[in-house]
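There are two complexes below, and they share chain A, which is joined by chain B in the first and by chain C in the second.
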Partner chain A sequence: MKISEKQQGEVTVLVLSGDLINVKMEIHPYVKKLIDEGKKKVVVDLGKVKWFGSTALGSMMASYSSLKAAEGEMKIANPSGKLQTLFYQMKLQEIFESFDTVDEAVNSFK
Partner chain B sequence: MSYKVKIIGDLKNQQKTWDLVHFLCIQHGMREENADVFAIAVGEAYGNGLQYSPDNYSELIMEFQTETIVAEIENVGDEINFEEIEKFNKNQDFQQYKDGKLGIPMIKALVDDVLFTRKNGKNKIVLSKIIKSNKNVLKGENNEN
Partner chain C sequence: MPFRKESLEVQRLRESVHELSILNEIATAISGVWKIDEVIDLIVHKCVKHLKVEQSTITLLEDLDSETPFQTMVRKIDDTESQIPYHFGVQLSGWMLHNKKPLMVNDFESDNRFKIFDEANFNIRSLLSVPLTIKGNMIGLVNLFNKKEGKDFNENDQRILSIIAAQSAQVIESARLYKQEQTLRAIEEDLRVARQIQSQLLPKKTPELPGYDIAGYSLSAKEVGGDYYDFISIDEKEMAFCLGDISGKGVPASLIMANLQATLRGQVHSTTSCSTCLQKSNTMLYHSTDIAKFATLFYSTLNIETHKLCYSVAGHNPPVLMKSDGSYRMLETGGTVLGFLENVEFEEETLDMEIGDVLTIYSDGITEAGDHDEEYFEEWRLIEVIKKNLGKTCNQIIEEIIKEVMDFSKGGDQNDDMTLLIIKRNK
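Now for the complex of A and B:
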């Protein structure tokens, strides 16, 4: 699993890629570091992710929760059909605001 | 009429198991979105079976019945209080899942039926999904949370 980071204005975009099945997920520590740096507007780009295991999903949910507690926000970009189905089935689409592209997600903060 | 398929995977190639379960469900007539969530649930349960057995060995048996697909996973492992672990609810504190522990709540939320038994030091989990469900997963109709 890899996380790469890019900045688009005030918004930090985290691109996840690689195997997200049953792996230790580093996104929550990563997001906590961003919060410490004052970066509280985060888009998670899932365009390179096919399957999503519970460890990865749990870490992302904790990231959302930590950002919300810090008065920040996390949005999702490019989720595959499989991930969208998973979010709907777990009613997480009511929690994670999702967009078809990274630009749409970034612009939604304005 | 039904038929069974036995899958023996390993920890390093879990994505292949998820892909294979999904493929078999689609071939047996399950809707794409139902196959997606069932493959995730079965893959997750099988991954746990592999990870927590002493020799990282577990067998996954898929049974394709007329109206239902059943996945049976059995492995040697520690006792689990399966019944006491709640089905995932979006109103729970998400921080409790930052380092894991979402597997069983997630599995319970994704399948139509789940049965857990323990015998002779082995855990067995049986997951079922109705093939021709009229419920629309994309509207969350399978989830009563």
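Now for the complex of A and C:
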């Protein structure tokens, strides 16, 4: 899996892509690193993600929790229909604030 | 006896004998060694000693894959505390991979081919590097740094090192393969233990409840996935049953499963409310597991006298409650997954189990069977199979579902554990 990072003002946007089912999870360690760097406003762009394995989901949840504990926040942008259904089923849609586009997600931080 | 200067031939012979004895010593020393660290250690030590250099290293290349072009697996430094700068090691490996022949440099500073990024505390004056090859493939390199007494490396040194490299390559490769095999065995053992733990935790037999038909079944994937179901007797009239899916797989998932089972069984007798049971179990799981672990769960209690079913869903796939006429609804009331947030409020719903009602609880190994790039089994197919087989026993319904899922997957690998729990009211 790949994580690419870009900055939009105060907000860090992480674009996830690649295989998120069977690989070693790097999302949470990456976010912890961001927290150490003082970057606590994070938007995760899921536009290129087809599906989450449970380990990837766990990593996302851990990232959310770590950011919350550091008084930061994690939001989601661009989830596919399938992912939205998954989040809905797991009742995560109320916890992971989700937006249709990255810009909307970034603007919501203001 | 007068001192006689040795002739050149005698000198050469003496040197040859000396060389041969070095090579023989090295060959003997490494031939019986299996552990890769020991092999490399030995070779490096012998090189430093016999070839009179300040440092020696062996660099091994990992198998190539698309994400990392190559990785140096082991770097063994002998002798002094100083270390060869990492970037230089990478560059040297790169050069060797490209040129595939020995490299001898006696005046390192003026050689433009290598630029050291950080000086560290090691000055490279001279260098002799030879590739380690097996069947024409380079598996690594042997490197000597700074010939002692200010001398230069020469053709002789290169020749000897090349012979050492040839001797060592096979031994190193065997040791490396041995280590790989050990790792694989460890993984298999882990899976075996996980499978054992999980099978111990699942119910050995299904309870018999008057007026009800119950069946449960779990088929674990090759890499055991963490599905769990349980029957917990509350008293003669009431029973709790649940089905869940722990995140991750293998032994870690199995241990969380054991934890969850113990937690739920502990809660069941102190509270009759489904939502309170989940709320407390969630908090306990939150505090006793890793931040990235969670579990989805369906939890319910059934009273066989009042026929009231109370349930709450923690982020799990909504079960199907189907009436005898084929109409159905999905049970969705509850809250989010267990173990994610410290405090979660769960909602619960109570409904009546009528005669002929079939409640099908399942894990996502059923609905997500298939290929995420193409299609997967999904809820609608599951609902169709249940509808088609409503008149059968729960065990038979389970059989039909598993059969349909297997047919759908067309013999592809099972991605995840498949678990089903079906309850039918007969009277």
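In this text, the second predicted complex is superposed on the first by the 110 of 110 C-alpha atoms of A that agree within 3 Å, B and C clash if a C-alpha of one lies under 4 Å from a C-alpha of the other, contacts with A are read in each partner's own complex, and residues count from 1 in each chain.
Methods note: a residue touches a chain if its C-beta (ideal position, glycine included) is under 8 Å from a C-beta of that chain, and two chains touch if they have at least 3 such contacts.
Predicted, not measured: the structure shown is a model, and the values here were computed from it.
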item	value
Side-by-side fit of chain B and chain C on chain A, or clash	clash
Which of chain B and chain C A:Ser98 touches, first, second, both or neither	neither
Touched partner set for A:Phe52, first chain B, second chain C, both or neither	first
Contacts of A:Ser66 with chain B and chain C, given as first, second, both or neither	both
Touching partner for A:Asp19 - first (chain B), second (chain C), both, neither	first
Of chain C and chain B, partner touching more chain A residues	B
Chain B versus chain C as contact partner of A:Asn78, first or second or both or neither	neither
Shared contact residues on chain A - chain B and chain C	21, 28, 50-51, 54-55, 57-59, 61-62, 65-66, 89-92, 94-95
Touching residues (chain side chain A, partner chain C) in the complex	21, 25, 28, 50-51, 54-55, 57-59, 61-62, 65-66, 89-92, 94-95
Partner chain A, residues of chain C touching it in the complex	226, 245, 247-248, 290-294, 296, 315-318, 334-337, 340-341, 372-373
Complex contacts: residues of chain A adjacent to chain B	19, 21-22, 28, 50-55, 57-59, 61-62, 64-66, 81-82, 84-86, 88-95
Residue numbers on chain B that touch chain A, as the complex places them	11, 14-15, 18, 32-33, 36-37, 39-40, 43-44, 47-48, 51, 88, 90, 93-95, 97-103, 106, 109-110, 137-140, 142-143, 145
